[in-house]
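One structure below.
Per-chain numbering from 1; labels A, B, C and D assigned in written order.
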Amino acid sequence: MSLVFDALAGLLVAGAALAAVTAAAPRAAVIAFMGYGVLLGLAWARLAAPDVALTEIAIGSGISGIVLLRAAAGLPAVPPAANRALAAAISVAVALGLAALVLALPEPAPSRAADAAAALPATGLGNPVTGVLLAFRALDTLLEKIVLLLALVGVWALARDPLWRGRPEPLFAGAAPAPSAFLARVLVPIGVLVGAYLLWAGADAPGGAFQSGATLAAMGLLALMAGLAPLPRADDRRLRLVLLAGPFGLLAAGFLGWATAGAFLAFPPGFEKPVIKIVEIAITASIALTLILVVLGPPAGEERP
Amino acid sequence: MSGFLTTPPLPISVAPEALLLLAIAAPLALALAMLAPGLRRLVPRLLILAPLPALVAAVAVPRGMSVLVAPYPFRFTLALDGSGALLLGGAALLWMAAGAYACAYMRKDPARGAFATWWALTMAGSFAVFLVADVASFYLAYALVSFSAFGLVTHDDTPEARRAGNLYLALTVLGEAFLIAAFVMLASGTSEANPLIRDAVAALPTSPFRSAIVLLLLAGFTLKMGLFPLHVWMPLAHAVAPVPGSAALSGVVVKAGVIGLLRFLPDGVALPGWGEALTAVGIFTAFYGVALGVTQTHPKRALAYSTVSQMGVVGAVIGAALASGLPGAFPIAAFYAVNHMLLKGAMFLVAGLAMASAPARARQAALIAGVLGLSLAGLPFTGGALAKYAIKIVVPDGIAGFLLTLSAVGSALLMARYAVLVTASGKERQTPPGGILLPALALAALALAVPFALFAPVTGLPLAAAFSGDALAKGVWPVALGLALAGLLAWRRWPLPEVPAGDILHAMGPLAALWRHTLDLAVAADARLRRWPVAATALIALAALLAVVAR
Amino acid sequence: MSALLVLALTVPLLGLVPLLLAGPRVGERAALAVLAIGAGLCVAVGVAVALSGRALQYFVAGLAPPLGIGLRADGFSAAMMGMSALVLALTAFYAMRAPGAGAPRMPPAFFMLLLALASALNLAFLAQDLFTLYVALELLTFAAVPLVCLDGKPGQLRAAMTYLMFALFGSVLYLLGVVLVYGQFGTLDFARLSAALALAPPGWSFGAALALMSAGLMAKAALFPLHLWLPPAHAGAPPAASAVLSAVVIKAPLFLLVRLWADLAPVPMAQAAAPVLAICGAGAILVCGVVALAQVRLKLLIAYSTAAQIGYLGLMFPLAAGADAYWSALAWTGGTLHLVSHAFSKAAMFMAAGLIAEVFGHDRLAGLKGAARVAPLSIAAFGIGGLSLLGLPPSGGFTAKVMLLTSALQQGAWWIGVVVLAGGLLAGGYVLRLLVLALQRPEDGTLPAARECGWRAGIALALAFGAVALGFLPLAPLGFLSIGRPIAWEGLAP
Amino acid sequence: MSDAMLYALAGAMLAGCGTYGLLTAGGALGRILGFNILGGGVFLIFGAVARRGAGAGLAADPVPQALVITGIVVAFCATALAVALLLRLKAADGAGEEEP
């Protein structure tokens, strides 16, 4: 029974994906893509990956969706550039080849679950995924934060020269309608609470810095769309401090660990959990702000309210 | 054999090693001095003196001396052998005379500084090719002389000079490719990454790549010498350079190809087939150069074709030596080359003198030109006759020998043509720049005299051998016949249509069209490949292909 | 000593803080200082590797693979680190106070991206974990793409877009390969994988995983026929950006390609795949070389030359996977040396092209007659850098070419030798084209009154001489490059 | 056939869809969507690999799951950068900015 459900879910995801890549109108394609993201989140939940599911829904579907919707606005439909039949044949071949590859994966599957479970208690964390992200493979996480920061730098670098220090354009043109402002007033506090919970719970239960940051970013964007807060200026010193807090907080913790535990990105023995918690808070704040700014796009001038 | 080849005429005991290095370093230092604004004005004058260490080295450094300048892993080694000493000494004399000539000739040229730089670099490279003894340094020296000469060719920056320069550069790069391939194969026969040329050549006869190496060496070096069909650049390039530049190009730079063959082909070892082939190409070139040269209407182009023809003779001599495996033949080829070097240098200087003079003066210059020409054609009692006599040792009587003798007829004819063109090249109301007369005369005198000093040491025969009745008879008839032919042609008002310089280049139209087609094809293919759907498909296809082959 | 590895990764990142928080002047100085220190650290890594004769290694967080991530610098890594750090530091000085820079945006943005590049490159050369390498490659791409369109012209934006999308396509394929490797071995660590592969010959699915990763890397390196993005991107970027993009950024994926096939793949698999890589390389050398000759703009010419020159690395694979240890090692040294010397040459050439374009106000070749009179140092830098591409001695390009030729000859791979030589001919064509024009007499009144910026041309010249200096290496396999091969963790049970 | 394998096959299908999008898209937006879907497929296969590695009391191997989270973030950064470029390009084309 559950296999039937899984098969159905898989087909649904693939169907949504197909709709997204075949839709003629950009807007329709993006909406199909957002639906695909939600369905994919479902698949992740079925794969015993609640952390990934949360991330996929918040980022892969939610915030990516906002970004893509903005890109699709006013974009004309472009005719396909290649021979569709040939492309379809290649794509089917790719899918079949990959299917053959996954079916050929060895049995029993190699796994690091045992290693991770054995090493987890030393970190004081209960959620093995958080453990991998912040303790075992903290280098990846540090770099991922740098990637995020760099994406923002890249987005900002697209500004026109004299406008580089200003505020971004509003997300969607025109004033926000009153109902959405009301909705935002209700939703934002709830969302912030959810975000905070995800951060707090992430150490031991599904959730964590990224999921929390993404939720907070979504709330922030909602508030900005509703006009509840002014658009941030790119050269605001406090804002930049928050941006740096995450990656460089983690880096600082890494050096602290080097000094106390003898290895870069190790955590001080006995203080693993508190240090990780503090770093997570900094990361969450940075992620939330970076996501908001990345979504808002390059600064577009001084005269925005 | 004794004398010049084995022991220096004026041996010195003080630091002969340093002298070898100084021979190359002196002109290089002058080129570098051009970078310093304070020294720049002095350089052109000093260029006259720059060849002095090379000259001293040629006459004073013990033969066989070798200096390891930079030890392993570079093995930058200099060495002086008989052939090298001959060419080095001759080149030094030519560079000095032509340098003095250039100093006066270019006095008013605003770009004389640039000319001086290229001059010094070409000089350094030319001395270096005669002196270096390891393969990698030879490649470097050869590249230095070849690429620097480009600056001499294109100095006047006329459309013709640009065209000639581009062709020269293209063929030079091609020649470098031939040579690096040959050198890599040669070096693979030894245990060293950068062997001495001597060791590499010793391994040549047994190399598994022997044929490929010899073919590439011949292609690379005969390109520089201007042997048919790789001569196309020479009439263009030598005619467009400023007069002293032409003298250096035709006199010295082409000899880089000669020393290349002498160094990299085994002396005294027969390479059956290759020797005959080189002889055939050489003899054909000797006649071909004459045939096209006599149609020319400009003295410098006629001289350039004469160089083609003469290098054909040198090629034939080397080919004959390879065919027979006669030991000790290579210095004779070098001797012939030195004779040509000095004569051709002097001829260009004299032609330049005439072209810058009033008609009366030009007629006087034509007299000298005629004497030089007769020497080149091998009239008895001239230096050229000694050179012609010497090569008979290598190329005995027979078809090849007869044809070479016959080519002297052509030389005489071509030289007559040159003298006539010189006569006609004066223009009213012009006076040559002061100071070009003396170097031209000096070089002419040296060109006529030096072979007498070298004949005996090089051939091991007494000078009198060249003056035997038999030798005289053999020397006179070709010249007489050539002059008679010239007289006949002159009487008929020279009814030969001028063949444009570069001759077969003009028949290369289809080749050029093919190249343009290739270019268009590549651009179109590139444009297609760079379209997104094509590139994206290629990416997937590449992944699939790799996955299939890497099973 | 191993601490150097972590510092080489993290020190460049520290420069981001003043750039984001302080004024542009302070930020710029800090970036220069950090890049100079970074270069010092990379050189120190090289010295440490050379002195100890062993690879440096470090386990991040004190956790050994498979759970943790290891950093490791062998001779090859150290050489690449030293090269890229030197080029980046010199580029930073070259870019300092560049005229016409779109103040106030461009200088800080440029330096932030440059710092991120420095860190990402070091990570790509050091990380031993396939997924960490994926992150490094992405960081590299995200730093490189904005560099392409820093001027904000529509053409650059389009070039950047194509670059980004194709690089992302490549990344996904690379990641797919990583996923399959994890699915088969449960580890992504080079040394662990090598050990596992040595125990049992891998099946076809490992070959497929390698193929996917390689295709992704080739897309990111713009190896023919996947070079669609390179010419417009490298030609359109500001000169300092072009210099780093062409000289070092594409070297990271190429480096990893070598790692995968020369260090990780079992020999039979590498031998089977090598011809494909070599054919791509030959295509690059011949097609892109010919197309370079057809270009009318200097920067496009140099960009196509880059697309052509990376082909030599492709040619290296069949030679380096050969049966004879000595000739394979020689080819390997030649290929590596070519990567390094090409970086110096190409950085010098792009910098020179930038200075020439500054003087003339354009980079159309036909209008550059007489350039040697107004930009002599730049032309010299271009020429000396170009001599290395041509393969004239003494230069790294010459040494590399002789090594590849010798190895090809000894292993009977005639066609590779022919392609190497043909590549030299084409390089001669496109390098000498500018030099010939530059030496010609300009038409009256066409020569600009402006003169080149001397000290910046000096930097280009210094880089060009770097390529020359590499020509003084012996023509033999370089011991330094084989330090730390094959990959293994010391003090760790396999 | 396990649930993990089913989702791995779904991942293969997604990769096919994404490839189709990348090949046929005439504009940048279509390519961005194609890239995301192809990436989603790859992540899903990785998720299946993680699920197959369940053991030691864990429902799945946590290492691939953590890597997927990092991968999603990186993919988002790519999307954001590409969209910013797209918007800038649209504005430049709209404003008639041309090469000098």
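In this section, a residue touches a chain if its C-beta (ideal position, glycine included) is under 8 Å from a C-beta of that chain, and two chains touch if they have at least 3 such contacts.
None of the values given here were measured: they were computed from a predicted structure.
Comparing chain C-alpha centroids with the centroid of the full set of protein C-alpha atoms picks out C as the closest.
More C-beta pairs touch across the A-D interface than across any other pair of chains.
Averaged C-alpha coordinates put the centre of chain B at 66 Å from the centre of chain D. Centre-to-centre spacing of chain A and chain B amounts to 72 Å, using the average Cα coordinate of each chain. The geometric centre of chain A is 12 Å away from that of chain D, both derived from CA atoms.
Between chain C and chain D the centroid-to-centroid distance comes to 27 Å (mean Cα coordinates, whole Å). Residue positions 15, 18-19, 22-24, 31-32, 45, 49, 52-53, 61, 63, 67, 70, 74, 77-78, 81, 85-86, 88 of chain D each touch two or more of the other chains.
With touch defined as above, residues shared between interfaces to two or more other chains in chain C number as follows: 67, 131, 135, 138, 142, 145-146, 149, 152, 165, 169, 176, 182-183, 186, 204, 208.
Multi-chain contact residues of chain A (touching two or more other chains) are listed as 81-82, 87, 90, 94, 97-98, 101-102, 105, 109-112, 116, 136-137, 140, 144, 147, 150-151, 154, 158. Arrangement of the chains shown, judged by which pairs touch: all-to-all, with no pair of chains left without contact. Residues 19, 22-24, 31 of chain D are the ones that touch chain B when the two sit in their complex.
In the complex of the two chains, the chain D residues touching chain A come out as 1, 3-21, 23-27, 29-30, 32-34, 36-37, 40-41, 43-45, 47-63, 65-70, 72-81, 83-88, 90. Considering their complex, residues 67, 131, 134-135, 138, 141-142, 145-146, 149, 152-155, 157-158, 160-161, 164-165, 168-169, 171-172, 175-176, 179, 182-183, 186 of chain C touch chain D. Listed in rising order, the residues of chain A touching chain B in the complex are 81-83, 86-87, 90, 93-94, 97. Here chain B touches chain A in the complex through residues 531-533, 536-537, 540, 544, 547, going by the rule given at the top.
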